[in-house]
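Next come two complexes, and both contain chain A; in the first it sits with chain B, in the second with chain C.
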Partner chain A sequence: MNSVVFAIIAIFTLTFALAAATNPRLMHAALSFAVMFVGVAAFFFLLGAEFVGLVQIFVYVGAVAVLIVFTILLTRRDAEKDRGFNWGGVIVAIAVFAGLVWAILKTQSVSIGPPVIKALTVKQIGEALMTSYVWPLQCVGVLLTAALIGALILVLEDKRE
Partner chain B sequence: MTLSIWLIVSVALFCIGLLAALSRRHAIFILIGIEMMLAAANINFIAFWRFAPQPAQPIGVMVAIFSIAIAAAEAAVGLAMVIAVYRHFHTTSVDQLDRLKG
Partner chain C sequence: MADSLDQIFIRAKQWLLSPLVGHAPNWLVQIGSSLLNIIALLGVFLTLFALISVLERKILGRMQNRYGPNRVGPFGLLQPVADGIKMLIKEDIVPVRADKVVHFLAPILIAAAAILALGVIPYGRNMTPFVIDGGILFFFAVGSTNELAVFMAGWGSNNKFSMLGAMRAIAQMISYELPLLITVLPVVMAVGSLNPDKIVFAQKYYYFGFVPHWFVLTPWGATAFILFFVSGLVESNRTPFDVPEGESEIVAGHMTEYSGFKYATFFMAEYLGMFAVSGLAVTLFLGGWRAPLPWLAFIPSYIWFFAKLSILLFVFIWVRGTLPRTRVDQMMNFAWKFMLPMAFTCLISAAVWHYAGRRLSGWLWSFATIAIVYLVLSLFLDTRKKFTPRTYRFAE
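Presenting the complex of A and B:
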C-alpha cells in the first residue's frame, strides 16, 4: 500500500465529503456526494477489496446519487431557499472526532502493519455467498423486495373517492 | 501505513457525516450524512479485514457487501419518505415538520 496514493485519496474523499456536507446548493452537494463515493471505492481498491469497490461505485454513484438528484428535482420549489446552519452540530462532530481519535491513538493493538495476504478473488466471494452466506443473501433479497414495494407505496398518489 | 491511519480517516468521514446529519435542515442532507457514516463503517470493516490474519472466509468483505445492500434499501425508502412528506407538508425542512411537537 502506497502512502502517497493513500494521502491523495484521503484528501480527495474528505474534501468532497466536506463539500457535500456544507455546500448550501443542493445539486452541487449531491454531485460532491457522488464524487466522494468514488474516493471511498478507491479506498476499497487500495485495501485489496476490488469487488466491494466496484459494488460501491455501481450502487452509490450509479443508483443512490441518481435517486438523490431525482428527489432534489422533485422537491425543487423548496430547495432554493436558504437554510440555517446549526452550529451545535459542528461542536458535536468535532467532539466525537477528538474522542474517537484519542481512543484510536491510545489503543496499542491497532498500530500494526498489513500482513501479506493472497488476493481475494471474485470466485472466492461468490463461493462464500453461495455456501455459508446463502441465508443472509436470501434475507437481503427479501429486504430489497420489501424496500422496493414500500418505497412504491409511499410515493403512490392517494386516490380519494 | 498502519491500521490506525485508516481508522482515523474513517473517523473523519464519520464525523463529516455526523455534521451533515446534525446541522443541515434539509431532509435529503440528513440522508446524505447517514450514507457517509455508513461508508465510514464500511471502510472500517474492510480495513480490519485487511489487517487481520486471514481466516478461511472473507468475513469483513461479506459484511461490507451486505451493508451496502441494506444502505441502498434504506436510501430508497428514505428518499420516498422525503417525497411523501414534501407532498403532504410542501416542505423538506425538518425544522418545519413539528406537528407532533408538544
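Presenting the complex of A and C:
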C-alpha cells in the first residue's frame, strides 16, 4: 500500500520537477516548482513527519514560491525568449546529483514501512531546537537577519542621494 | 437530553455510516466518514455564506440609513438565490492575452485553500471535521497558498489593474501574516500543543466557578486577540484594509478580469476565509465551543460556537460600515511598526504570565509588560503636531 502511494507521489513530484526544469515560460516553471514542493511535503506526510510536512508547505509554497515568482516578475522582462544550453548549469546539476547519490548511499537504508507515529509535541520540538540544534538555529537566525538588513540597505540606496 | 442534543450530529453520522460498518472494509468506512464530513462542512458554510451575503447588505443598509435588499422573498432573504442564478448565467469572459491555465486555476486554488482551512476548526464537542495534531499549523500552511493564488489571478489576467492589485494584496498579506502568526504563538505556548481540540480543552475551567478560562481574559490574550482580529481583517481583504480591490483606484484588483461564476468563486473564497479566521479566533481566544458560564453548558456546544462566530462576523460587518479605507503606506507602517512589536510583546507577556504562576500576580505582571511596551511604542510612533514641508521622492 505504502509503496504504491510512494510511487504515485514520486511520479507526481518528478513530473512537476521536470516541468519546472524544462518549461520555457518562466512563470509556469515557477508555479510547477511550487506544486513540486507540495509533492515533497506529501513524502513527509507518508513518513509520518506531519510537522515537517506542514512546515514544508508553509515555508516553500507560501513563502519561497512567492519569492521566486516575484523575483521573476521584478527582474526579467524578456526572459521568455532566451533558452540556450548552459554547460555550467549541467556541471552544477551533475555535481549536486552526485553529492545526493553519495549521501543517499552512505545512509542506512530507510524503509518505507508503516509510519511510526510517536506523538511529537511542540514541547519536544522546542526542546530539540533549544538544546541539540541551538547552534544551527542561531546561525540561521543570524543569516536571515543579515539578509533582512541587506534588503533594507538595497532599498534605502536611492534615498541617499 | 442535553447530551443527546449536543451529540445529535455525531449520532446522525454514525447512523448514516451504520450500513457500512461490519460489511464494508475499513478503508471504505473511513472514506465514507470523510465524505460526510466534507458534505456537512460545505453545506453549513455555503449556507452561511448565502446568509451572510444578504445579512451584510441588510446591516450595512441599516447603518447607512437605507433599506438594503428587500425585493426577493420575505425581507429580501432570497436575495442570494437571485444573485447565485445571476452569477451562474453570466457570460464567462477570458481575456485573449490571458494565460488561460493560470487564469482558470487561480479561483479554484483560492476556494480550495479557504475550504481546507475550515476543516481543522472544532465546531463542537467531537465535531472537528479533520483531526490533525498540527491543526493550527495546517491552517496557516493552507492559508499561505492564498498568496500564490492571488498572484496567479493577477498575473494570469494579463491586465495592469490585476497585476497591481495582486502586488498590493500580496504585500499586505505577507506583512500581516507575521502578526497573525505570532499572536497565535502565545496560545500555543500556554497550551503546549498545536491541536485545536486541545486548545479548546485547555479553556475548559472556570475561575471562582463562573469566570471562564478563556485566553481573551488574560492581558496577553486580550492584546493578541485584538491584533489577531485586525490581522484577520487584513488577510480577508475587508474594508478598512481593502486596498487590493479599492474600487476607486484599481477596479477590483486581482479580480478585475474575472466574470460570472469565477468572480463568484473569489467572492465566496473571501467570505470563507473570513469564516475561517473568525473560527480560529473563537477557538484560540474565546474558548471555542465552550459555554461562557458553567450553568449554560446544557445548550449544545455547536450553538455556542456559531453564536460566537456570528458575533465576530457582525463586528467584521460593523467595521466595514464604520471605517474608511486606509492608504497602503499607512497600512504597512502600522504592520511593521506597531503590530509586529506588539505581537512579540504578547509572546513575552505570555511567558511572564506562565512563569509568574498563572494567577493574579501573573496577570498583573503580564499586564505591566504589555502596558510598558504599548506606552513606549506610542511615544515613538506619535507623529502628531509635526507638520514638515512635504518631500517628494520621484518628483521635483
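Everything below uses one rule, namely that the second predicted complex is superposed on the first by the 108 of 161 C-alpha atoms of A that agree within 3 Å, B and C clash if a C-alpha of one lies under 4 Å from a C-alpha of the other, contacts with A are read in each partner's own complex, and residues count from 1 in each chain.
We adopt the following convention: a residue touches a chain if its C-beta (ideal position, glycine included) is under 8 Å from a C-beta of that chain, and two chains touch if they have at least 3 such contacts.
From a predicted model like this one, the values you see are computed outputs, not experimental measurements.
J.: With the two structures laid over each other on chain A, which partner does A:Lys123 touch: chain B (first), chain C (second), both, or neither?
T.: second
J.: So, does A:Phe51 touch the first partner chain B, the second partner chain C, both, or neither?
T.: both
J.: Tell me which partner A:Phe43 touches in the superposition: chain B (first), chain C (second), both or neither.
T.: first
J.: Please determine whether it is chain B or chain C that touches the greater number of chain A residues.
T.: B
J.: Would you sort A:Ala63 into first (chain B), second (chain C), both or neither based on which partner it touches?
T.: both
J.: Touching A:Met27, do we find chain B (first), chain C (second), both, or neither?
T.: It touches chain C, and chain B stays clear.
J.: Taking the stated contact definition, name every residue in chain A that is touched by chain B in one complex and by chain C in the other, in rising order.
T.: 51, 55, 63, 70, 120
J.: Please name which positions on chain B make contact with chain A in the complex.
T.: Residue list for chain B touching chain A: 1-9, 11-26, 28-29, 31-33, 35-36, 39, 42-43, 46-47, 49-54, 57-58, 60-62, 64-66, 68-77, 79-84, 86, 90-93, 95.
J.: Which part of chain A faces chain C closely enough to touch in the complex?
T.: Against chain C, chain A makes touches at 27-28, 31, 34, 50-51, 54-55, 57-58, 61-63, 65-66, 69-70, 73, 119-123, 159.
J.: Spell out the residues on chain C that touch chain A in their complex, using ranges where they run on.
T.: Contact set of chain C toward chain A: 99, 101-102, 132-134, 137-138, 140-145, 147-148, 151-152, 155, 170, 174, 188, 192-194, 393.
J.: Could you list, by residue number, the parts of chain A that touch chain B in their complex?
T.: 1, 3, 6, 10, 13-14, 17-18, 20-22, 26, 29-30, 33, 36-37, 40, 43-44, 47-49, 51-52, 55-56, 59-60, 63-64, 67-68, 70-72, 74-75, 77-79, 83-90, 92-94, 96-97, 100-101, 104-105, 107, 110-115, 117-118, 120, 124-125, 128-129, 132-133, 136, 140, 143-144, 146-148, 150-152, 154-155
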